[in-house]
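When the chains are written out, they are named A, B and C in that same order, and each has its own residue count from 1.
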Amino acid sequence: MSPATILLLVVLAYPIFYTLRISFAELNLGTFEADTWVGWDNYLAVVENDRFWNSLKVTGTYLILALPLQMVLGFGIAFLINANWKGRGVVRALFIIPMVVAPVVAGGVWRMLLDPLWGLVNYLLGFFGLEPLDWLGNPSLAMMTLVIIDTWRWTPFVTLIATAALLSLPRDVFEAAQIDGANWWRIFWSITLPLLLPIIAATFIVRWLGAVKMFDIALAATNGGPGQATNVINLFIYEEAFRSLKFAESAAMAMIILVLTMVLTGIFLVGSRKLEERQ
Amino acid sequence: MSHLKNKSRMFWTAARLSAVLALTTAGVAKSQAAEGSGLGTADAPVQIRMIANEAFAKQWQTNMVPEFNKTYPHIKVTIDGVPYAELLPKSVLDLTGAVPTYDIIIADDPWIPQLAQTGALLDLKKDVANWTSPDYDWNDFNSAPLAAGEWKGAQYGVPLRSNLLLMFTNKALYEKAGLPAPTPKLTWAEYFQQAPKLVQDTNGDGKPDAWAIDTYFMRDSLTPTIWQTILNSNGGALLDKDNKPAFNNEAGVKALQTHIDLLKYAPPGGVSHGFNESLQAFRQGQVATMFMWGSVFKGTAVDAATTTLKPEQVGIQVMPVGSKGPGAHRGIWSGAISKKSANQQAAWALLQWLSSKEGEVWHANTLGVFPARKSTLAKAPENAWLVPVYAALQQGYDAAEAGQMWRPRHPKSDAVQQILADETSRAISGEISAAEALNNAARKIERLRL
Amino acid sequence: MSALLSPIKKRRKPRIGRYVRIISGVFACLVFLFPVFWMVLTSFKMPRDIFTTPPTFIFAPTLETYTSYFFHADVPRRMFNTVIVAFGAGLVSIFAGAMAGYALARIKLRGAATIGVLILLSRGVPPIALAVPMFLVARNLGLLDQHITLILAYCTFLIPYVMWLMRGFFKALPAELEEAALLDGCTRMGAFFRIIVPISMPGLISTLIFSVILAWEELLFALVLTNRNASTIPVAIAGIAGDTVNGANWGALTAVGTLTVIPVVIFALIVQKWLIQGLADGATKG
């Protein structure tokens, strides 16, 4: 444990301290150091900014839609592609590709596929007599589009971990249960699920922490639009810092997000510990 | 690499020190000593490094630098490309270092105030005046592009790659619709009169397959520049003299509404189109007009690998005429020099050469880059395709100058543009009305305390 | 083997269930791979063939997309950098993270759980907030534009993930495994490397693949912390996508996109072997 702790402490301690410090100060762009102490001013500016609140709302919607979908699809598909046949290894290796495609390219390819003018998706829908949909231009549909792209991209992660989890299940337990004549639902509910629980919980936590930080796909696919319909919080912070050069306010936002993420992660951890202890 | 560079830096600092010593003891002419060291010699070349937009960094490194070295053989130039979206923050971060990596910074139109406020840029009219060639003609620049490098009375940058938001027209689609090809006199009223006829069915299958317009509609910081230009060509301004919002009024609503109305004549899905999509729609011959940066002309009208159109099919001109005059929105890439650079003279030699009368002619003829000087635009270009472009550029510079058609000249310029992008996009996608959007934007911009 | 892999359906309808699973698994894979197929198809198109109405399936393929940007965007050097950085960061984090995960799962040490949770929570900081101070630190130490800087930066976001995922895998193992070894006089370390690591191969390999991928495609830190020497492929891709002069060249973008996928897929295919092997070992020992 100590190598990990030391490494993280060395690399992360100063950056986090720096962010905390400039979140309470006015940043001098000439030196990139804190200039004057301004107390809670930056935080007040953030809290008064309805674009910030909107981003939180958008992020929440996206998380509530995307996370459960990815978890269920991921474990389901892992179960399917673990079936024993010759091509299994290849299918597994190919299934990770959506994760590997650079977000910029992935976002662009999806834009190409979904565009009402030259996109393949609406062209195919046309064969079924369906009206073309404005996947990227309609504010509520744009959120669905973002969830679809993100699910396409990150379900393979869940599948990758779930595959390993299913492979690690001890064989003898199942054999014993089968000999006892338990049906598949009982085996699933009282043996498979409890055994998988620590890994399901870990996968969820890792995916949750990754999803909170998602901004690359939103940047490439919708650029946060239309309006602010897909402007997730990390895209907003990125734009405020790197486009508008409002580094101090961005630091304040980052600290707020850090606290929010910590609280929610804490709740998830307590929840998963409760579940683990129940077995 | 950087190690070597540090060494050469130390060497030059030492050289400079000894030059100063020589000056005080023997009274050698200062300019001569400095010139000898600042531009390098065969034994001790000067190394300079430049940060630029990745879109043209490589082109410069392979074509421009060798040409420059014909005149200045002892200045070694390294150009690092950075993707457009991250170029500004990277430049700002670099300028703040005690020993910055880059001697030259290439900045987009609204960035000069943001970079200059760090206090780390040279004033090219004052600080390097000793090294400026007597025939370097500042007055020959069109004033609009030169002003892109100016902030609070100091000239921090010189125009290297000029660009304007202009109107592209597909003459073939105009002909098919039975309309005369547009001229620079085209007004917005005429434009909207013709637009419905330009939504047409060219292959006779009963469904429209060509539309009147494609341009920036999506959420993007450049999307507001379309209605900003309309506002400017009607005599309006984004901010008043005290940098207070001046667009949340009837004139502003009219301009934004004009932008929104364009969508009626745009292809399906136009609401999520921006730079790349409108470019593709126009290059595929699917739209009759496009409000777009002039720099894409070559890839749109000339280059058979990227476009389906021929040069004679494509027209380029200023944007339609409003109540005050035609429109064109400025987008100039300027070259600036870091105050902490150890090679200021060599850096200035490069910028000076590239923006000089001769350099600009070479740049335009060889690489097709748009010039900023009146003298260059008055000469016939070597490439025939540049002829209509030059005409449109000269008109555009005059229009931009007359209507002050550029993004806010303020260190918070991009912050303003981000807010406008949000609200513009909400209005274009129909979430809120134009008036509501502009009021929201004005409120948020006031909070920036410009 | 099949009893082991399909504990659920096996007993009832062994044959049909298996075929249904194979076919629907392959189908799911095809659905997910369709955008990838479109990317590869686009990479062989001239720019004028890409944005057509209706979409083009038949066209004169070109390889120019692959050749034109290959040197223009510095692909060879950036690919080399990407390999070094991604595998460097992946290996360091799997080593440090797995040990930390094991400690969290098994060793009851006061404060260990708290530190573990804190490490995990460090992931809550938005990356943009970290990029600027990391740049400042790296500049002060003269470490800008070097592989090691990127590797260290990536480790900070990989280690918490690895640690937490591996903790999950270790938790799922029966504790009797190492207890026996410890009774036999093995040290904790010994037990970890000789017993736990082999049996956890599927988890370790999957987590390693995940870590390498995350570092492979990372853009923000690569943009901020490198200039030229250590610049990676995602920076090249962002540059082509952000072409403000001619518009994004989607042929070249998808070509570079396709090229960057290939090494990772090959890597995943190679390590597949250990996914099975780990299982076999685990089965015999378990």
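Please note the rule applied: a contact is a pair of C-beta atoms (placed from the backbone, for glycine too) under 8 Å apart; a residue touches a chain by one contact, two chains touch by 3 or more.
Quantities reported herein were computed from a predicted structural model and do not represent experimental measurements.
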Sorting chain pairs by contact number gives first A-C
If I average the CA coordinates per chain, which chain comes out farthest from subunit A? B
Using the average of all C-alpha atoms in each chain as its centre, how far is it in Å between subunit A and subunit C? 15
Whole-Å separation of chain centres (CA-atom averages), subunit A against subunit B: 37
Dist(centroid_CA(subunit B), centroid_CA(subunit C)) in Å evaluates to 39
Can you list the subunit C residues in contact with two or more other chains? 50-53, 132, 238, 241, 248
Using the touch definition from the top, which residues of subunit B touch two or more other chains? 85-86, 89, 93, 277, 280-281, 284, 286
Where in subunit A do residues touch two or more other chains at once? 32, 117-119, 241-242
Can you name the residues of subunit B that touch subunit A in the complex? 85-86, 88-89, 92-93, 96, 114, 117-120, 218-221, 267-272, 274, 277, 280-281, 284, 286, 411-412, 414-415, 418, 422, 425-426, 428-429, 431-432, 444, 447
Footprint of subunit C on subunit A - complex, ascending: 1, 3-5, 7-8, 11-12, 14-16, 18-19, 32, 77, 79-85, 87, 89-106, 108-110, 112-113, 117-120, 123, 152, 155-157, 160-161, 163-172, 174-175, 178, 183-184, 187-188, 191-192, 195-196, 198-203, 205-206, 209-210, 212-213, 216, 220, 233-234, 237-238, 241-242, 247, 250-251, 253-255, 257-258, 260-262, 265-266, 269, 276
So in the complex, the part of subunit C that touches subunit A is made up of which residues? 1-12, 18, 21-22, 24-26, 28-29, 32-33, 35-36, 38-39, 42, 50-55, 92, 95-97, 99-100, 103-104, 112, 115-117, 119-130, 132-134, 136-137, 152-153, 155-156, 159-161, 163-165, 167-169, 171-174, 199-200, 202-203, 205-207, 209-210, 213, 216-217, 219-220, 233-234, 237-238, 241, 248, 250, 253-254, 256-257, 260-261, 264-265, 268-269, 272, 275-276, 278-279, 282-283, 286
For the complex, which residues does subunit B have touching subunit C? 1-2, 51, 53-56, 58, 78, 80-86, 89-90, 93, 97, 101, 209, 275-277, 279-281, 283-284, 286, 293, 295-296, 298-299, 304-308
In their shared complex, at which residues does subunit A touch subunit B? 29-32, 45, 48-49, 51, 111, 115-119, 132, 134-139, 142, 222-229, 231, 239-246
